[in-house]
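Shared chain: subunit A. Partners: subunit B in the first complex, subunit C in the second.
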Partner chain A sequence: MKKIGFALLFFLFISQTVYADFDVQHAIDAAKPGEVVHIPAGRYHGNFIVTKPIMLKGEEGTELIAEKNEPALRIENTANITVENINLSGKNKAIVASNVDGLELHKLQIKDFHSGVHIQRSKNVRIHEVNVTGNVGHYSRKGNGLAVFKSENIIIENNTIEQVQDGIYVEDVKRIVVQRNKVTNSRYGTHFMYTSDAEALLNTYHHNVTGLMVMMTTDIHLESNTVENHVDFNGYGMLLYDVQQAKIKHNTIKNNRTGVALQKSSNVHIETNDFQMNQTALEGTKVSDDTKASNNNFTGNILTARSDKQGFKLESNYYDDYSGIDLEDNGLGDVPYVAVSSFGQWMVRQPVYQYFVESPSVILLTSLDQQINKTEKNMLVDHTPRLAAEGTKEKNKVNVVQMLLGLSLILSSLWLWKRGITE
Partner chain B sequence: MKKWMMIVMLCCVMLIGCSEKTYEPREIVSETDVCKICNMSIVHNAYAGQIALKNGDYEIFDDIGCLMEYIEANGEDEIGAAYIKDAAKDEWIDVFEAVYVYNKDYWTPMNYGVVAFDTKGAAQEWMSTEGDGQLLTYKDLHDFKWGIHE
Partner chain C sequence: MYSMLIKLELKQMLRSRWMQLVGILFTLVFTAIIVIQQMALPDVEGFTRQTASFLNVLLFLLPLFILTIGSMSVAGDVESGWFSLLKTYPMTRTQYIAGKYMASVLAFLLVVVVAFGVILALGGFLGGVRLPIIFIILTLLCIFIFVSLAIAVGAFAKTRLYALSLSLVFWSIFLLLISYALMAIGTVVAGHVLQKLTIIAMHINPVEWLRFGYFIFTDQASVLGPAFYDITQFYSSPLGYAVYVAVTLLWIACPLAYASLLLKKGERR
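What follows is the complex of A and B.
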């Protein structure tokens, strides 16, 4: 038994070190442009550098371990590089790419680093199926998962990132698509700064401080993302600061301290989103007149909308706390919906007030508020509130099978009843 | 004797009351502090700023650009003291007395590229290692065009 145990230990030991003799840097240096460098399974310590167009391909169990504070892999001043199927671990940064035209990072596992991938002054980059797991601890002591600076034509998709500062950090980038990524337990899910022509689609963000942080950015499209459970003291589902031309569509924004906040922004269109169970669904300060929230569903939020004196437009949204009537039968309420609420405003300033939200005094105050606010004409007023939420139109559809079954049951009952009488 | 003691104590209390109120900088708490202007969490303490208001409140900023935006919007009347981190020493220095250096390639949380130092010598020493920049004073910051520069 002892011998078998030793034999197993021997093979275990061998399996990790059998390829240790393979010299990764030598193989890189020896490869001709366009060649594939196959790195066998094993753990390779070092700080590797690529400066020519090649493909680095690992296999299951291939791991590059950075030494000291240098990156595990540096890619510099080259084009058409692919790095695939490799695990990386170390201290500071896993991969740093500078001045690269054509870079693909695929199927990488990054852990134990301060920062995952750092790309600067590069173009035509695709990062997909990369997993980044940061260390345990507060986000202020960590780096970003995937960071891109001063670059253009970037695609970041299908990545999973957790426990970092910002999951995906984008600064001074032109044309970027961030899609189908999942970021959890970090500071910001995706953080855009000074970026133009950007898209964030079908991403999932939860349990971060803020899901999507967009700052000083122009022309951004945020669509079909799920942004939920950002309930920290300073938590937001989405926060747009100094943003021009933004479309926020088809997102599910659920259970956040504030669903969407707009600050110093203009030309923002918020359409067909589901705002569910947020403390404050929508908040706007210093936003321009052309900012509009239309055809959204607001359900279960404590406060639907708040703003400074400038306000923003509400149009054809569904509000679960709207109690108007529809005499014209056009699906729109005949009385405007007024989102202004004194208690809501206080509650946002003092979050602890939320514990009194259904207390008798607050209900009375809210009722009085609604009567007083009926005179409000412009600020946070929806003149065409929808009576049904988007997606509930099919409620009048007839289910033929159920109808026939019900009919047959009624007829059978009648027949049995009649038979009982006649007998 | 007791009477004299009372008079001396009263004078001391009066002198303390007449002395100018001081406003000390407070420590940044990364878990809860966010910039008053842009709402970013303060995670890069080396660039942080703060204003101690005369009413005892503190306003925290992640970048000197945000601090200046606050001053532009609210004026200086209610400010007891304003501090910015010295980029070389990681110590709080007076915003109004500090020497600033601008270089578009210096990284700061808002990427405004302006960092602060306590003396002109410290600023020049910084430039010798981090790249040449433009020397600025607090007065110059009022006219500075905040934003990313090409």
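What follows is the complex of A and C.
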């Protein structure tokens, strides 16, 4: 019985390498177009190349390990490729795909690489359920999780990426949908560059330097994303630089140093978002007149909006620090909400002023400022502020321990006080 | 004799109507702000409007109350002749100052404990309120530093009215005027000059020192902006912590030493 147990343990131990004799490259080369290459469980060292339309399918425990600085898997000049259920590890890049028409990457686990997936000059690509975990270290020494260059018709969805430079890097791409991904502890959650016709939907970004970085991009739609806890020295929930035609809708932007920053951008519509507890909710520099923030909820932000002299439009937003009334009973305040504050404007012009943010002196200054700025007619003024936020707040439950602790503190300190007086 | 002095001083402080009113006012304002924000805002970690309100109520009210009550207490002793009477007892000047300091610290600790108790009780009823340990430590530091300053102001002033006005002057300088002066200077000098001046002001203004400490010890120095990256990195290191403690101790010891010197001069006269 003991011997059988040992034999079983031995087989269990060597089971990971039992199929290592299987020649992956030979199987790929031998496969006819359209065939499925099943790669048994095991660890396969090498730099594998695919140049024909096949499906590579692993099973639990199938791992491709890259040798030297070459990619573990290279896919070139082909069409209709699927890679599924494989773990990849190595040094430089896990997968490089060039000139591919029709690529699907599904259920991949990528770790210990400088970069995860690198796709260039390809079209009709779908990457889903891929996990990329980068190494610990500074962002400058890391690569991107999933990177797409000069490609079109791309879908990136349901991926989980952490500890990389940019979770999803998109450059010079036409038509791309990035949805339901989760990127954490990286430099940028998703980084769009020179891209057009892009969508980022239902993604979750937290604890990166910046959640969504969009640069030199045209026609982008950012909707229903959750962007929170970007509080680093240069942290932004979303930063749009030199962007034309952008819609930012239904996002939850919470606890960031700056919620949404617009720089040198035009025709940006920020609608129905929840800005909660950001240090600055909305910031705009050199934005065009057609940029507008409407029907958003601003709750608990230290500074609602700040801008340079050009400003941007605010329309029908809810502001928790609005003190006007609604005599017409139409749900809109009768007095305009003025978001402009001298201190906010100073901070844009001279960043050193940020030191004083929410300091006692600035609080007093802002209170006076709000009285003076009521005469402001154009810049950062909402003429139709909403009086009620959409959505309801969950009712709190009683915290009995804290309540009892508080009561005992009150009673004991009052007793001490009385004793101090009478003794 | 020394413990008797502390007891006596504490008794006088706690009996003072002013102190009792201060206790009620501090508790009411503190509780109102915290509870209203607790009900209105989502629960989020980090530097939020809620934590900023906590910090500002503390920095606005506590120094004001401590400076006025503490300084008037010492000046009242000199003015009424109580200090001269005490000198006929076997008690040194240092003992008098230390006793005054201890009694004032204990009295204000009681005020703060009552306020925190009410916040916890009401906050607990509303689902729980955040009262971070660093906030409690900062409150203690605020009491330790400003009681020391109040004694120095009281020793300098000699009369209660003078002490009251001097306290208000110091309070407004620490809370408002230094910051406004820096902001005004910032409009005419380069950013790096303003940054250096702000760092100097941070060390010579106890209110800014406590505020800076809050950001350092809660690991939220990024709130201060990238311009202060180097200094916040330094103060986030073990050596920085040691320097912070040393500067804080100086803020407590120097005013007390100055008060002792002033009273000695007064004795000679």
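Note that in this section the second predicted complex is superposed on the first by the 359 of 423 C-alpha atoms of A that agree within 3 Å, B and C clash if a C-alpha of one lies under 4 Å from a C-alpha of the other, contacts with A are read in each partner's own complex, and residues count from 1 in each chain.
Simple rule for what comes next: a contact is a pair of C-beta atoms (placed from the backbone, for glycine too) under 8 Å apart; a residue touches a chain by one contact, two chains touch by 3 or more.
All of these numbers come straight from a predicted model, not from anything done at the bench.
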Touched partner set for A:Met193, first subunit B, second subunit C, both or neither: first
Partner chain(s) touched by A:His138 [first = subunit B, second = subunit C, both, neither]: first
Which superposed partner A:Gln263 touches (first subunit B, second subunit C, both, neither): first
First, second, both or neither for A:Gln354, with subunit B first and subunit C second: second
Which superposed partner A:Glu171 touches (first subunit B, second subunit C, both, neither): first
Partner chain in contact with A:Leu332 - subunit B first, subunit C second, else both or neither: neither
Subunit B versus subunit C as contact partner of A:Val209, first or second or both or neither: first
First, second, both or neither for A:Leu239, with subunit B first and subunit C second: first
Dominant toucher of subunit A (residue count), subunit B or subunit C: C
First, second, both or neither for A:Trp346, with subunit B first and subunit C second: second
Touching both subunit C and subunit B, counted on subunit A across the two superposed complexes: 233-234
Residues on subunit B engaged by subunit A in the complex (per definition of touch): 30-32, 34, 38-43, 111, 147-148
Subunit A residues within the subunit B interface of the complex: 138-140, 165, 171-172, 187, 193-194, 209, 213, 215-216, 233-234, 236, 239, 241-242, 261, 263
Subunit C residues touching subunit A - in the complex, by the definition given at the top: 7, 10-11, 14-15, 37-42, 44-50, 52, 55-56, 59-60, 107, 110, 113-114, 116-129, 175-176, 179-180, 182-183, 186, 191, 194-195, 198, 207-208, 211, 220, 222-229
Of all residues in subunit A, those that touch subunit C in their complex: 229, 231-235, 254-255, 257, 276-277, 279, 299-302, 320, 346, 350-365, 393, 396-414, 416-417, 420-421, 423
